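One structure, as structure tokens, below. Some questions next.
Note that the chains take the letters A, B, C, D, E and F in the order they are written out, and that residue 1 is the start of every chain.
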Amino acid sequence: MMTNQREVIMQKSGIKQNVETFLSCDKPYHEADTVIFGAPFDSTTSYRPGTRFGSRAIRAESYGLESYSPYQDKDLEDIAVFDGGDLELSIGRVDLALEAIEAYTAQVLAEGKRPVMLGGEHLVTLGAVRAAAKAYPELAVIHFDAHADLRQEYLGATLSHATVIRRVWDILGDGRIHQFGIRSGEREEFRWAAAGRVAMHKFDLQGLEETIAALKGRPVYFTLDLDVLDPAVFPGTGTPEPGGLSFMELLQAIFKLKDLTVIGADLVELSPVYDQSGVSTAAACKLLRELLLAIS
Amino acid sequence: MMTNQREVIMQKSGIKQNVETFLSCDKPYHEADTVIFGAPFDSTTSYRPGTRFGSRAIRAESYGLESYSPYQDKDLEDIAVFDGGDLELSIGRVDLALEAIEAYTAQVLAEGKRPVMLGGEHLVTLGAVRAAAKAYPELAVIHFDAHADLRQEYLGATLSHATVIRRVWDILGDGRIHQFGIRSGEREEFRWAAAGRVAMHKFDLQGLEETIAALKGRPVYFTLDLDVLDPAVFPGTGTPEPGGLSFMELLQAIFKLKDLTVIGADLVELSPVYDQSGVSTAAACKLLRELLLAIS
Amino acid sequence: MMTNQREVIMQKSGIKQNVETFLSCDKPYHEADTVIFGAPFDSTTSYRPGTRFGSRAIRAESYGLESYSPYQDKDLEDIAVFDGGDLELSIGRVDLALEAIEAYTAQVLAEGKRPVMLGGEHLVTLGAVRAAAKAYPELAVIHFDAHADLRQEYLGATLSHATVIRRVWDILGDGRIHQFGIRSGEREEFRWAAAGRVAMHKFDLQGLEETIAALKGRPVYFTLDLDVLDPAVFPGTGTPEPGGLSFMELLQAIFKLKDLTVIGADLVELSPVYDQSGVSTAAACKLLRELLLAIS
Amino acid sequence: MMTNQREVIMQKSGIKQNVETFLSCDKPYHEADTVIFGAPFDSTTSYRPGTRFGSRAIRAESYGLESYSPYQDKDLEDIAVFDGGDLELSIGRVDLALEAIEAYTAQVLAEGKRPVMLGGEHLVTLGAVRAAAKAYPELAVIHFDAHADLRQEYLGATLSHATVIRRVWDILGDGRIHQFGIRSGEREEFRWAAAGRVAMHKFDLQGLEETIAALKGRPVYFTLDLDVLDPAVFPGTGTPEPGGLSFMELLQAIFKLKDLTVIGADLVELSPVYDQSGVSTAAACKLLRELLLAIS
Amino acid sequence: MMTNQREVIMQKSGIKQNVETFLSCDKPYHEADTVIFGAPFDSTTSYRPGTRFGSRAIRAESYGLESYSPYQDKDLEDIAVFDGGDLELSIGRVDLALEAIEAYTAQVLAEGKRPVMLGGEHLVTLGAVRAAAKAYPELAVIHFDAHADLRQEYLGATLSHATVIRRVWDILGDGRIHQFGIRSGEREEFRWAAAGRVAMHKFDLQGLEETIAALKGRPVYFTLDLDVLDPAVFPGTGTPEPGGLSFMELLQAIFKLKDLTVIGADLVELSPVYDQSGVSTAAACKLLRELLLAIS
Amino acid sequence: MMTNQREVIMQKSGIKQNVETFLSCDKPYHEADTVIFGAPFDSTTSYRPGTRFGSRAIRAESYGLESYSPYQDKDLEDIAVFDGGDLELSIGRVDLALEAIEAYTAQVLAEGKRPVMLGGEHLVTLGAVRAAAKAYPELAVIHFDAHADLRQEYLGATLSHATVIRRVWDILGDGRIHQFGIRSGEREEFRWAAAGRVAMHKFDLQGLEETIAALKGRPVYFTLDLDVLDPAVFPGTGTPEPGGLSFMELLQAIFKLKDLTVIGADLVELSPVYDQSGVSTAAACKLLRELLLAIS
């Protein structure tokens, strides 16, 4: 709740300046082993835009959350997380935006820290994975999503929220991407996946434990499109797709990630304007807290 | 998503006119075997009005949905559905509105096509069933709803959203109506049902498989009051009644309808203004897609 | 629905005055065995205020609910409930507000009636428990909540929504408080509880049946912080905490209370402005109806 | 603000019941010279329904208003107003609803009191005018509105919010109706008015002083369709029509009514769901206060 | 209101299909002298996106408006307007989107018809002006807006809603652009304008009559950024800028356009999701009606 | 717009941390002559709470505003303003909160800087004036507000948003307070003011120029309750009071303040949750920009 949310910078006169961070993620950069940053970008969103405000909302609304997790019996105050705020990304210049994300991620990785990016739309994942794949050639990706995101092209664009995992495949190749919860896409995407390109687990999280066991010890990037949740739980997103996970199903899955070597992660597709109850943002905040605690 | 949603009508000059239909339901009438139409009527709604905007919202928001169903591995583009737009119904003249619905439904049935009506409040079902019962004297009705809708009279009116299934019983008589999910009504309605007039399955969908088995081969009209869903899933309705079905429970039930001869159907009681997240409309869109694919 | 919701007061001239009460809870005070009243107070709310409008919303929106419960096969019209409207409480004078609540509750108890208070924030429970503990020295408390509310102090205040159950413990002492559904708090609160002060059942309702069996015959006060529900079901609250109960889980638990001697109860933390779909208020109304029927 | 809003009914035991009325309009019926009542009816609304919740919202939100008017230097506590609550009107049975309104109004008039009705849609005015015209054969009507409401028939119905003033003309005949602010209608309505049937003042309030001077001493019914206000001021209505009055223009006009013999009045067409800021309801509350003070 | 809104296409069987158009703008293309079309594009919006839904909302909400204007004593049914629906524009491919708009506009102009485009963000104007400037080398532009839109570059992009009028100047050169109502921009934009590049009228519409007199007989393109209105009147826009025009000021200005040869026009920057009262869309609808009547 | 909004703090590694400030108010404290800070407190709000989120919303939404004012031809980048973020104030402990505000204000004043406080409710002004009156014994106060705020006591509390100016009078005494725009209060407040205690200018800003002339050279504290604006312009406030100032009337008044020695100021009573269009916050942002430019 009310304490520890903001980093306090002492000024000569005793006057402080408050800095908004996620919960108690106010460690100095050089002490941190995890770095949160926002990627406020939604230029390729085809239906309802607005995820550009996602990271800002998560930071602001984290005020209503405790830093302690009774599920994991851990506290954010015990781990070292730096919140770097939001990147300034060019709206409409997709290439520039992805380059900026890649550069930031590469810098964080180069200093031996773990990047955790807050979207924005799902395309931002491509920038982070580009950096991660260079740093970790053996990289595998675990992808939770309602949508396959495996199109070759969408509305004439090859860089799009609807093609992002296909672009990740361009980098990683066959068998390195593990999808869960997929319940929407073109027939062609499902066929392409079924041909062995990616390991697609439809509709729910069945097979997650086997996947985790198989990936043990390998560097893993975890990308969480929050619309994998049912819209009842998470209405604040651009393309709500009924029939998704319950909050507890997703939470239990996140706990299992502690058995993996998660070298980077993201949470994307929160669009706060479509949920004026704030419930979607509260869910994103709690999932971020639990993810940070699980992978630290 | 963005393609195939709108029927394109060529004009002399090469200028097109884009017409809004539900998803890719843009087949010409004479080729279609299923006909969608809207019945924007809510004059007898006793609590929160607004279902008159339901069919329009479904059409507009279908933009966010794919035409392909990974659940059934079928695509709307493979079936022949014509979307006739909304009927023009008289607000406040219940009889005229029901007559217009009956006439339209009768015409569609007479040409060997299957009508699928989008409400509007539940009373619109009466118009469609009147036509269906004339065309199919052996008609049975499967009714999913939170509310029994079995009152003899409501606020002095015999034609009302709260009496509609009783009026359907007036036409069909004992044992032809199968209700599921009922969790609200007057004590008297439950007693009347329990006396054998209708087969009422309270609270959930237990008994659906047996009912479907028993009705195999018979002409069935399926009326889906969307408030059978839990308000967490479907807040955009006039009279939210907590304790309802999950989206997946309803979806699984719809898949089972493929074993029946569904000669007509409706989805009613979406009131979009009460759900500004759009999640309720998204649920209605997806259920309509799956219903069309299941019964074709 | 439309009938019996309002108490009708005859005037000399035949002109009536329609008065808004909860559903058909329009019995005269002297005939009632249960007394509903509102406590519109939220001065210590630390995050999103607004529960001061909770009781008013429950009364207004009860219009959409039936008085009959098909779950319990009972009707509110068969029991004797008086709705006393809202108390006038001083905003910002916590002590005065609690005194007013205590006095009203004491009066109701003194006349052998059962008080059922509608919040307001959770601190209002303290006023009612003070009166109840005086009337029933053997009092036990059953507490459903997402939050532990066991802080010794919060932002310098000992009287706060975040300390309320600790203050109840000050009155009752060890082993008299039974918490269920708790999924949020400071680490310190969980440790204090685990030291045997209160019986805390984390995350869900496991152990409820054993608790009820153990408390049979003892006077019990039941305090229901509605945020024990998952925010998907109940977004209209000040501090939404994902991962809570489903509506049916809570409803089933309420039915079990009929085996107890519930001498008083409350429903708190509905903040209607955060749920403009009205679904949260509808849930509160239905839970209140079922609670009244279960404990009568 | 917080005081005097609710009528307090003493109970034997000292327990009070707080009853919600408009502001301090809590005089007993027999002492009152003005009687407020609600007519929650919107069955003929052709576009966005919801005015059925108008009177309830005015009562609830009056809490935020003072009883004293610095404009008129008068206080509601100095005048004698009884608030009779809402009538129970049949949704969908237009005739029955109008009869109930007429009967209530006639009773109030028969006892020498002044009725002030809160809509509901504009058609409710017809019920009140029927009673007023019987009681006062010389009745004139002053009508503020964005819409002419002069159709002979609308969607096949002669009783409609779009025909209500034409129906009033059926009763009163030529030259007795004075319209102000009209800025919307069919061409035919404007032509019919221009033929001398009614005195229509288009767009604004020009001519109001002359009309008031001419009607001095005659019994006048004042019907205020709140959509005469600009939607910037009053968005909460079914058919917003930009280009209307400012709040102060309307307020100044209401002050001028004190020179007339207003024997009855109404405020109609507030639809609170379309203005979740509450500003429209606040405007209605303040106009009602000033109207009551001006005509008393 | 309810009639004439939809074009009815007869089918063989007598079954009609209702097509949604703006009000009664349902003339066939070859008979029309004005062509409405939507440009649902907002990819360069830097603050709050959502204007992509503007044209759709105008069409849907025109249902609440009359086709007759009492201001101009003209009726939309008397003029010949074809509504071509929305273009399908590539999100994120600015060049492709502008080319599609230019091509459509060029076609309409080539057939001697007047294009009226509904945005979408303001950048869409560039596509239309490109076509118009080719068809009419003497073209002048009248530009109503809160924002100067005169940046040379914005966030690294030369094609942006913030640079659009500068790009129009690239085509037309000095002295051909007449801006009104401008109240926001960088200092540099105001200085550039003041250097004589464009005729900028700050804050309001002063000088409009002189401009119209000077442009009489010349081909004029009129671009109306609706945020020139005060946000009180028009909250539904991406970048609300207080201190703008009243609705009546803008309406009076539109009437004056009848003295010009308006060969094309647009209304842009309606973002309906930010005004859930619908008042902004209602304003856009009425302004479109009056504009069509004024320039026909 | 997008640039200059956030202060960038260099970290060793080249990684930056973004700090959220109002627009380009990112000067270091020791260089600043004006200090912005937030006072997120609303514990005594009697009607609709929520102003605790006002200062945060102003900071976040300033993103949509330019730093340049075409009205004053000045730019925020040219002046030296430090944004100190929000104070941490105790909810429910009025005395502690006021002490914290007083201490902060005193510190800023002691270092020769000008404090500009963002509310929060109006009571926060008392803390600031306490400090200002000690630093400047000749202090006068200019107060813009819809409400008189002159009660001696409210609901048993002497410290309240409804008594704040009376408490300021306790400090300053007769003739030092100049109120403008007052249109709501108890009769008693208006009488007390009229007795010469304060100079109350009712309803509008008449007399402002004379007041400014009279106060020239004297230290002035300016307190702006934003609800002095009409709710059409500013719906996002706790107690909307129709009939207020237009935005331009208020803006013109603020320009006039440049002739005064404003030693401190505040903007209070923005409650963003009640205006989901964001228009109220946009108005507050623009007024703050213009105020900072006028008084620097």
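Miscellaneous remarks
Note that a residue touches a chain if its C-beta (ideal position, glycine included) is under 8 Å from a C-beta of that chain, and two chains touch if they have at least 3 such contacts.
Please read these numbers as outputs of a predicted model, since none were measured by experiment.
Looking at the partners of chain B and chain C together, the chains they share are A, D. Both chain C and chain F derive from one sequence, and where they touch, over half of the residue numbers involved are common to the two copies. Taking each chain's centre as the average of its CA atoms, chain D and chain F sit 38 Å apart. With centres set at the average Cα position, the gap from chain B to chain F is 54 Å. Listed for chain D are residues 2, 46, 48, 155, 230, 232, 274, 276, each touching two or more other chains. Contacts between chains, counted with the stated touch criterion, involve the pairs A-B, A-C, A-E, A-F, B-C, B-D, B-E, C-D, C-F, D-E, D-F, E-F. Only residues 2, 6, 11-20, 28-30, 35, 56, 60, 82-88, 91, 104, 107-108, 111, 276 of chain E touch chain B when the two sit together in their complex. Remark: chain B residues 46-48, 154-155, 162, 182-187, 190, 202-203, 230-232, 235-236, 238-243, 274-276 touch chain C in the complex.
Listing the residues of chain D that touch chain F in their complex gives 1-2, 63-66, 68, 70-71, 73, 75, 230, 232-233, 247-248, 251, 276-279, 282-283, 286.
Looking at the complex, you find that chain A touches chain E at residues 42-46, 48-50, 52, 90-94, 96, 155-157, 159-160, 273-274.
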